[in-house]
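Some structures to go through are shown next.
Consider the two complexes below, in which chain A is the common component and chain B and chain C are the respective partners.
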Partner chain A sequence: MNFDRNVEKGRFPQRWWEDERLKTVQTMDKGEKHLVPFLAPKIYPLEPLDKPFDETELEQRFVSAFARVLAQHRQLKVYMESCVKCGACVNACHTYQGTGELRNIPVMRADLLRRYYKKYFTTQGAILGPIVGAERVTLEGLKEMYYYFYQCSQCRRCSYYCPMGIDTAEITRYGREILIQCGFVSQFHWSVLTSMWKTGNHMVITKPGLMDTVEFLEEELKEETGVDIKIPVDDWDAELLYNPSSADFFAYPDTMMGVAKVMHAAGIRWTISSDIIETGNFGLFLHENTMRMLNKRLIDQTFKMKNCAEVVLGECAHGWRTWKMMTKTVNGEWVDKRFHYVHLVHKLIELIDNGIIKVDPSRYEGMRVTLHDSCNNARAGGLIEEPRYVLSKILPEGSFIEMTPNREMNWCCGGGTGILWDDPESINLRVKLSRNKAEQYKAVNPDIAVVICSIGKAHNTFIVHDGYKDELDHVKIKGLVDLVGDAIVDFPFPKNKYAKS
Partner chain B sequence: MPFIEVNGKQLEVDEDGFIQDPEQWNEDVARYLAKTEQVEELTEEHWKIVNYLHDYFKKYQIAPMVRKLCKDNGVDLKRIYELFPTGPAKGACKIAGLPKPTGCV
Partner chain C sequence: MDWFSFLVGNVLSYVAIVVFFVGVPLQIYRWMRAPVVYPLTDFPAPKTAEGAFIKVLLDTFLFRPILLKIYDATVYTGKWTDLWLGGWIFHVSLALIIIGHIVGIGTLGHQFTILGVSPETSLHMSEFLGTVSGIFLSLSLIYLFLRRFFNPLVRVMSDGIDYLIVLLILGISCMGNFMRFSSTYGVEYDVAQRWIIGLFTLHPVALPDNPIFTWHLFLVEILLIYFPFSKLMHSCGIFFARWMITNYDPKKVMVFDWRSKVCEWKGGK
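The block that comes next holds the complex of A and B.
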């Protein structure tokens, strides 16, 4: 983006941080406008960026951003200091194994930030400089950092191999936050962040669009089941608030319809809130203030509801991780005491175990079903045995097949943190990043792959129907509640959805 | 941001070629964009879908759900890919002057 031309045209005033249009992306810090309008070019190829600031200002901005992040997050300091360069992480990272670029090895990727840490925050680095691997920050260095930090899918598989427990996802997360201060952010992620501030979801879905989609889904449900199943919106007397993934209203209607069927069969009075139809939280990947904002937006909904007993979080992996691991730290300890929140999988277990909904496993006779343990659900969120338990109840004996490796050692599909760019060069990159995952699918050759994650559904769909479609086109990607909803005995089985293609 | 030129008028597009100002869309713009998405000529069937998308976006400020797009126009997803090789989101929505869909899709 050409800064000067935009200034000429009056698109951004000289004092761009005062522009009215940025008001939608205010942060909670007083006086500082964090989200910058400079949209760095797409990651592939990395075109030269018109200099947003001169070099000295760049260094000052970088160092002050880094200092602030270090002061607020002690673990970053630990990770910067603890690496012993053992190389165990070389075998852990699907990004390195897919692309073959040395800087994609977790230790080398972390070193892109560590060299600046040494220079500016350690005595020997400040004095001895390049001899100990400490370097001054330059525009070229930041471009390199941006290029590799956005290829990390923050899957944290490397942290299971690291003897020091270094979490590369935290390093890239804070690295991206620092890069934003210096004017580098991926346009895709920036547009998602702006959407979150404006509409409370990732897809810029406004209420009229939502109501039209809900009406359409209710018609589909009636056609499929013959029953009037409703999807209540903004019913403030309901006892259960469901927070879906916004992608369910665009590309994965079966998940939304599955939830509606389950709630109807269980006789629960539930609702979704039009103010926030997003369990996911892109702020987790690169911008903590946005993460905090979206959490607060969901918490605010519970204040509107008198009888709300619990909040059920939908099929979104990083959303679950945000809620389970981050909310208390980022939004405050009181959140846990305010309301009871569970993942949809927990709710399904409760309903099936207590006989509130009845399922018929024979409907899936003859289908080979596997489970993809999404990084943020399983490795980072602890939802490992729960989906397997649900699948054991709704599938007949012998239908379920495990991929290898699985559970917390599962390979990342490659789409983590939103690596969903679809220009031709990025598509080549995504094919490389998904290589290990595709090998796993080929080894198992399933009919259905259950993915409890929206980015996962998007990227795994890309793997089986686009990147590796020659061998994998017959695989169907489905959510867990899709299968549960279709197994409920009260409703007929939609055979056409499972027909072999 | 890059620009395209249609009938002597300059239109701003984003890096993927989606036009930034829906008000500037017209049939000539659609024809121009169609060529960038591997659609050489817009037939009756193409126009039905393109106009549907444009009207829906005008009304609801968002692209319709893919399944609804197929149902309301009496086509299945396979036919959409035959008409618009780059797909409903990238191909058809771009030609209809919609912004690029964000999020987990």
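The block that comes next holds the complex of A and C.
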């Protein structure tokens, strides 16, 4: 793991600094009654630490950060006090089943934080100490906590198993937020957060870089279809603002091209904003203030638009959760009165159902297609039947196969919360984390797996072409809109993209 | 009256009542002070608050999350079907016993006369129900204890206190059962009623000279005093936690009803 190397050298990835931009986010939101009272004032990491904090300072930082998070989140308090340790969550967690490490059982993972809660915030822990499982904060303990909290993919599957309804994803989220205050954060996640603050996307794409990529994609589209299909950037007269995932420009250009095809065929004047080309929001995983900042940034774009009545969110699962479930409470109740905010899947349903785009199901004759329900789409975002409805329109009878279990009980692919580290040790870990998903794929043996999620595409590609390539190398990972775009009758079918290897 | 009987009957009983009835609401108030910033709904969720309420009740009282997972739990590990039965029997018999204590001592065992039976029959029914649920309580507790001890995974995740709480309740229930069956140490309803009336009218009377009863009461008082500080607060927390993941408040989320919107947008915007 990234972490181990840093720890061995006694070097921790970060330190946060007081940042002016954070202050503006906070003052901007004052007076909203649904908001959190206040959020982390000092988090923004700028420089690596020379050495870890000594234990006294670590303890102070930990306890003060923990107290603040507890004061702002009822769920955390209730979860900390309600667990009876019945063990029902053992079967829920793909991380435990993949790695076999006991600390990866959801209750054991949550206990890494709960032991400190008991020590510093409960009477019984202060008096009875180790009998109730209370422990003091130590450097070793925090390392352990870091190690296992960053293996949780926050898929929320355990909340369906827990008789109390405890959602371990919430615990790891705020646990990570506390860890940031103590100087622990994964290099990958930190760089993504930094990039979000700087450029509004995960991949540090600046406007010139974006224009260049868009030009390249337009050439590709011309080559593929013979039609001049534009991807307009910053066209403030457009009627629809599309918010892609930044990975769609590099790793999965098919998705971006699919969207362009759909919009062209539907005759919609659309645009993307160079200021934010990211639906995803890593703040959801480990830092709440960043989550609000990026959320706010997209709302700001809509004020630039003159005729815009609709914002369509791209294929990103946790981004969809953030948008659907959190926008109104973290950034004000007025946002949905001003615009429609819909998922791309909803837009596709509208276009297909109203006959605005014509699709030809026979193009996918003979292909076995399955759908991976991304955790944040299905469990946390309620996007369960909609993708299936779209697939039923664009696929011939009998092409679509369900994996078991499916829908809200689907196994997480193992890449949730951006566990996409690519150093050699972490790759072994990722192979283990995705064991259950790979077994599901092996059971249905699809030609195409539809994944409506950028991280999911990255990790599922890793599963089929890298981790389990002996059995699964023939599987193609596609976004939903890739299939829709290629099924549109106005354009020729790009056969080479679907050729069996 | 020796000092222990005095302590249990006339001192600790007041302490326990105060700690329990003040401590539990205070803990709940502590939870309520913090906001729930955004909905944590698990989908598919009931569309209305009434639906969510019913689902929370079903989930809570039937232990549905574990009940429904029995099948796939068996598929994955082959030995996890055991939790639901033990846990559910324990909680139901505990609830019956608590209700039985309140009603039985309150009406001197004549509670079933409301169904039209004679006082003697009612007394017999009351004793029968109490005995049966007492036995089930002890058996399920023994079972849960053994499961916690012998199941390697549950054993790893348990702290010392998890065993101690089970042993505490087991001690209480075993003494209760013993008093049911023993003719010398049995306690009649009217004796207990007199003591409780004395307690609440602030004219405490001495406990009956019965060491088993005194110890039974002592352990109950320990349990009540420990209750607000412990994981036993899950009895209240479960409603909070379940409500948070079941409730789907359309006012707090961006709702998109895709089927109706499809029709609405047909004529353009």
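In this text, the second predicted complex is superposed on the first by the 450 of 501 C-alpha atoms of A that agree within 3 Å, B and C clash if a C-alpha of one lies under 4 Å from a C-alpha of the other, contacts with A are read in each partner's own complex, and residues count from 1 in each chain.
One rule holds for everything that comes next: a residue touches a chain if its C-beta (ideal position, glycine included) is under 8 Å from a C-beta of that chain, and two chains touch if they have at least 3 such contacts.
Here the structure is a predicted model, which means the values were calculated and not measured.
In the superposed model built on chain A, check whether chain B and chain C fit or clash.
Once chain A is superposed (C-alpha atoms), there is room for both chain B and chain C without a clash.
What is the contact status of A:K437 with respect to chain B (first) and chain C (second): first, second, both, or neither?
Neither partner.
Does chain B (first) or chain C (second) touch A:I455, or do both, or does neither?
First partner only, chain B.
In the superposed arrangement, does chain B or chain C reach more residues of chain A?
So, of the two partners, C touches more residues of chain A.
Figure out whether A:R176 sits in contact with chain B (first) or chain C (second), or with both, or with neither.
neither
Taking the superposition on A as described, I'd like to know which of chain B and chain C A:G209 touches: first, second, both or neither.
In the superposition, A:G209 contacts chain B only.
Counting only touches as set out at the top, which of chain B and chain C does A:G418 meet: first, second, both, neither?
first
Determine, under the contact definition given at the top, whether A:A251 touches first (chain B), second (chain C), both, or neither.
First partner only.
Counting only touches as set out at the top, which of chain B and chain C does A:E220 meet: first, second, both, neither?
A:E220 sits against chain B, while chain C stays out of touch.
Applying the document's definition of touch, where does A:S195 land relative to chain B and chain C: first, second, both, or neither?
first
In the superposition on the shared chain, how near does any CA atom of chain B get to one of chain C? Answer in angstrom.
Minimum C-alpha separation, chain B to chain C, in the superposed model is 24 Å.
Could you pull out which chain A residues touch chain B in their complex?
1, 41-42, 187-188, 191-192, 195, 201-206, 208-209, 212-213, 216, 220, 245-247, 249-251, 253, 280, 316, 418, 420, 422-423, 454-455, 457-458
Residues of chain B touching chain A in their complex?
1, 14-16, 59-68, 71, 90, 100-105
Using the touch rule from the top, collect the residues of chain C that touch chain A in their complex.
Of all residues in chain C, those touching chain A are 27, 30-45, 59, 63, 65-66, 69, 72-73, 76-77, 80, 83, 87, 151, 153-154, 156-162, 164, 226, 229-231, 233-234, 237-238, 240-242, 244-246, 251-256, 258, 261-262, 265-266, 269.
State the interface residues of chain A toward chain C in the complex, per the touch definition above.
Spelled out, the residues of chain A in touch with chain C are 34-37, 70-79, 81-88, 90-91, 97, 102, 105, 107-108, 111, 122-124, 128, 130-133, 156, 159-167, 170, 239, 309-310, 323-330, 333, 335-336, 340-343, 346, 349-350, 353-354, 378-382, 384, 386, 405, 408-409.
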